[in-house]
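One chain, subunit A, appears in both complexes that follow, with subunit B as partner in the first and subunit C in the second.
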Partner chain A sequence: MSSLTSSAPKLKRDETASLLIRLRRLTRSYAFRIIAQGLITIWAVTTFTFFLIRLMPGNPVDTYIDALMQQRNLTLEEAQRAAAGIFEFDPDEPLVQQYVNFLSKLVRLDLGKSITKGGTPVLDIILRYLPWTLFCVGVALIISFALGVLIGLAMGYWRGGLLDNVMTGFASIISGIPDYILALLILIIFGVQLQWFRVGEVRGGVDPTIEVGFTLEYIGSVLRYAFLPVLIYVLASIGTWILAMKSSTISTLGEDYITVAQARGLSERRVLTSYVGRNAMLPLVTRLAISVGFVVSGSVIIEEMFQYPGLGRNLFVAIAQRDYTTMQGMFLVITSAVVFANILADLALGWLDPRVRLDKKVD
Partner chain B sequence: MSEVILSVRNLSVSYLARRGRVRAVSNVSFELHAGETLAFIGESGCGKSTLNLALIRTLPKTGQIDSGTMIYTRRDGQQIDVLKLNKQEHRRWLWSECSMVFQGALNSLNPVIRISDMIYDTAAAHGIPREDARKQALDLLEKVRLDPQRVFNSYPHELSGGMRQRVLLAISLLLRPQIVIMDEPTTAVDILTQRSILDVLKELRRELNFSVLFISHDLAVAAEIADRIATMYAGEIVEIGPVEEIFYRPRHAYTLALLDAAPRLSAGAEELHSIPGSPPDLIMPPPGCKFHERCAFAVASCHTTPPPLRPTHDAACHLVACTESERVLAAQRKIMRQ
Partner chain C sequence: MFGLTTIASPQGFFIGALCGLVPLGAGLYYRQWRAGVGGFLACLLSGFACGFLGGLPTILMSYAVVLSYAYVNRQDPFTSRAALEEVNFEETRVEQLQRQLANLGRGIRTSWRALTRNRAGFLGFLGIMFFVVVTVFGPLFIEYEGAARLDRRQPGARSLIAPPSYEHPLGLDWKGRDVLSHMVHGGQRLILTSIQAGLIATVIAVVLGSLAALLGGVVDSLISNAANFILTIPSFPLLLVLASLVNLDSDFLLALLFGVLNWPTLMRAVRAQVFSLRERDYVEAAVALDLGVWHIISREVFPNMISYIAVNLIFTIRVAMYSIVGLVFLGLVPLSEPDWGVMIFTGRQQGVLFQPQAAGMLLAPIVAIALFQLSLVLFTRSLEEVFNPRLRSGL
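Now for the complex of A and B:
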């Protein structure tokens, strides 16, 4: 009897001890650390933006009233009366109260409703516009990175050659021009001057007369409408990739293992890919991660110019209207994407470079 | 003596530097026999690495071979001029006939791929099936006293410096070349590892019977491993001969000075003499014998006429470029007697 009573708490102590050990192991594991770090980053940035956007002059109601007064020539009272019915938002609610509401909804993955768009759930807005931006900027990033790396590699390897001389100039110039200037130049030169396309017809994401569906016609139209924005994104970013890859290639070429590989009689192609290319790419992976993160936001100006139905343009509108909830939601998506892309970059770097690989022994 | 497999004649190599043309190797001639080990000794910067990189035509982009011939005799007796091979022929000649263990083992392996992949790459470049390459490599890794399976599947960063050095030795023998060039293979490792690498090298040499061009700062190591020694100074071979001749009967003032400066080989260990002055500028080398500015034996003619590399009176295989060789020898005798 006495032995029974004494063993019970002991058992319990063992259990708690083993639970503690397991817990400690979990918190020390790399995956846990990386995820926790990511979540904390997202929370911090979200909190920061939450207060920041509320520090902007004006609030949704006032902004709307201003717009009404200007557009429809209403008096202040008329406008205030018109606005009162539309908003579920009380600008006088204490900030902390708003923040607590926001967080408690967020943990349930509820991003709330748009203040200005008649109560459309923010999530719906994001899901509607995000794919367009993802597609357009994503394709552009892939093209620009792949091309930039290949060109930069060739330039560095055959340094001083024709390609190097031509492309160094091109890349330096183009990487200094902002994307909207590029867009204007292309619209003016190829659209207005050469008339290769009609400027009015390249606005939007797809030809609205074509029925939505998985048809060749629809996809063709999507691609056609994406062509110019993609081209501009590629042109705007490729110069940096080219120059970064070139300088990385040149420094890699100075490494002993390249000379040794050549001395072993390896073919030029092999040396160029497995020895020079792979090592030279390592420093670019981190940069790529940052770019991948911003794929979701797109470029506000480019989307605005082409009336492309992407997230960037809607973010712009949301900011203009002080649509707090929509802004919050979109910033949250962008932050999460950047954090997620950085985790991906860590994994990719581990895959490319065994020295930073996490699972030590791979036999 | 066994047949000559490499005959180098009047080889000159220069680098294009900002200040002008660096004559890193000038008019070097020597022969390498089958199965022998020829060691190059000399101060840092005297052109040892440059000479050997030129032999496999793998100089940096700024370097170029100005003149000379390099006749290589293949196993089937066919003679080829290495400098006349076209790109493709040269690529195949590399490693399968002449391989190299480079100075600086830590950086000689591609950090992002496995040792096995480097071996497969080498084999593929020379048309050898993967499976044969694997067997050969495992066998060689065992011979250099490594755990073959583990090392074969490792990445370079998982190996210690000494292990990497041995891996490089094994890879250099992968295609059974007739000549292996070794540029300071033991400088970066500790004394025990150095010992074991030298033992491994000797064993392999006995078993596989290849010739070695060995570069070393360390005279003791050179004395132990080499059959013949070549002393280099300012891009030239100033003395070459069998190892006992060079160490016990040196005829060149510079060789004597080197021996005198080496701790273990000099007669009185407490009396180490450093060589006064520093090596000459290779862009504007001095006239006459390049060593005359630092030489204790120099006479008037040394300042103007470069002495040719000539056989000594009593040993035809011992060549020296010094007019005062008898005085040098006498001085050596005196040091030894002390």
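Now for the complex of A and C:
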């Protein structure tokens, strides 16, 4: 009995101690440090864009006030009041105060209101266009990664063969041409000259006459409109995947464990998939994770060219219309995506390759 | 750009011919006919293209090449075949200069051979040279048509656009102007701005990378964090935003903006290289021999990085061209004709994209940009061979 009661406070002390140890272990862990670093980067980018927009020579707030005065014949004070209402800040406030207000709103996921779109919350705009970009660029990324890895693996494994020679040329040529040049070439050659498809009909995300819903017709229309942009993204990015996978495969083939696997008499297919393929893919997985981050920014030019209702095109529209709050919000989302993808890549690398994790832990 | 924005002129031809007399004379003197004539032609072309700016450096280079065929190093008992007692190790100023020039010439010859050895790379080199020759010499023969030519309207035609014909090999654009003249005059600015942008990014990267690696400590972590920060932001959207905030009316400003945003990748590579080079035995040996900082940098460190830096420079130029044409395409920079990017922009704006007979007007700049970018990519393969010290020593 007595020993039990006396052990109670001791246990408590142990608990706090172990909590501290656990906390320290957490702060020292690889994952924690990477996530903390990512959050700091996001904060830095947000701060950077905040001050950039307010301190630049062509200060958007002043520009907006000027525009209001000219377009609607307002006095300076009226224009200032109108601008303050939309930008949601008091121009007389010190910059630091504005910054604190901005950050506190940001924490509550309030990105402000659009200047040009009649005060629609920026978050709503982003959430409306984000799925289109995610769908279109995401599908393209998956296709080009899968195809690129398969082709690159085959090329590296049967090096010097017909496939290798043909595809190396193809990959170097295709990866050397900018995506929008490729898009224009396809539009002009296959659309205008050969008339394989109607050029005027491939603009937008979906046929506007079809009712929105989970109908076969609607989904088919979405796929049809996404086909060309996806094709162009795939063509523009597949070359790099092919070449990267090929060189990775070749260097993997030189490893001893491949020779051992072959010496053990494993089937060629087994060696190719489980030994060569899996190991050669390792460096590409991190690259894939990083590319996932750039999915969100999409391709501004391609989306603008096809009038695709994605984030990239709307970023361009916001820039062209000088809609600074939307610009700021979209930029935050784009950067956050890259940061989270980088975190993902680092964690994936740490998980796949224990050496990275252990190396960092040793102080 | 630094007076390099030049178009071939008749005066340049005489300047080139005048400059070419030096290697030609040297060729006659040393009885190296082929090298002399080659040097004369090289001087003629570069002088023709850039006047004195191109002619004078070429004099030096071609003279060095001619000399390298004829030069015999008297101090070297193996090449001079003289008995050791006869060798005079006291070298006059002129002899020293000759020796250095001959070394330079030999270097140029090896580089040229390395350049032509890789077939794909040489093809890329020829592609780049094609565009350089067209944009530099083309204006001599083809006059620029800036004003609209309403008189060229075909009877009954709804627009001035015309498909390729004998007089206008690439057709007429939406204002009835000759597309070929726009192609010839419109490439120079784009190419030069891209090169400028690439150079600025490379210089920033090399300087900051070396500083970070050599100084270490606070400077290193500051530069590295800045690089990571810039790498996180997608650079093309950021360039778009900045282009809307800054009035990019000068090409140099555009190049500078690009350079400031695109140094981190190369900086990290340079930093890693310098870090590892510092530990290498031959560098430590050079330090121990007290050969001086300049010698160590130029002889031991630089040759090991130059290949990587040169290849990266080409890639940066490519990305710069991509970004600049992209900005023009979206209409976010002030447009000024003639320019390949502006041709695409106006073509799209005028709805020419959908007219089958207007293919010439749009396809010409598109194909030109695609081919130029392709040539740059192919050229990097040769560059690797030219600058790789291991491959070179094997020659």
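In this section, the second predicted complex is superposed on the first by the 271 of 363 C-alpha atoms of A that agree within 3 Å, B and C clash if a C-alpha of one lies under 4 Å from a C-alpha of the other, contacts with A are read in each partner's own complex, and residues count from 1 in each chain.
Note that contacts are C-beta pairs under 8 Å (C-beta built on N, C-alpha and C of every residue); 3 or more make two chains touch, one makes a residue touch a chain.
Predicted model only: the values in this text are computed from it and were never measured.
Colleague: Subunit A residues in contact: does subunit B have more, or subunit C?
Modeller: C
Colleague: Return first, second, both or neither, reflecting whether A:Ser274 touches subunit B, subunit C, both chains, or no partner chain.
Modeller: first
Colleague: Quick check for you: in the superposed arrangement, does A:Ala17 touch first (subunit B), second (subunit C), both or neither?
Modeller: Neither partner.
Colleague: Check whether A:Val166 is in contact with subunit B, with subunit C, with both or with neither, and answer first, second, both or neither.
Modeller: neither
Colleague: Within the complex, which stretch of subunit A touches subunit B?
Modeller: Going through subunit A, the ones touching subunit B are 255-257, 259-267, 270, 274-275, 278-279, 282, 352-355, 362-363.
Colleague: Would you mind writing out the residues of subunit B in touch with subunit A in their complex?
Modeller: Where subunit B meets subunit A, its residues are 56, 58, 60, 91-96, 99-100, 102, 104, 107-113, 117-118, 121-122, 124-126, 150, 153, 155, 157, 171.
Colleague: Quick check on the complex: what are the subunit C residues that touch subunit A?
Modeller: Subunit C reaches subunit A through residues 120, 228-229, 232-234, 236-238, 240-241, 244-247, 318, 322, 325-326, 329-332, 344, 353-356, 359, 362-363, 366-367, 369-370, 373-374, 376-378.
Colleague: Which residues of subunit A touch subunit C in the complex?
Modeller: Those in contact with subunit C are residues 41, 44-45, 49, 52-53, 56-58, 60, 172-173, 175-178, 180-182, 184-185, 187-188, 192-193, 199-200, 294, 297, 300-301, 304, 312, 315-316, 319-320, 322, 327, 331, 334-335, 338-339, 342.
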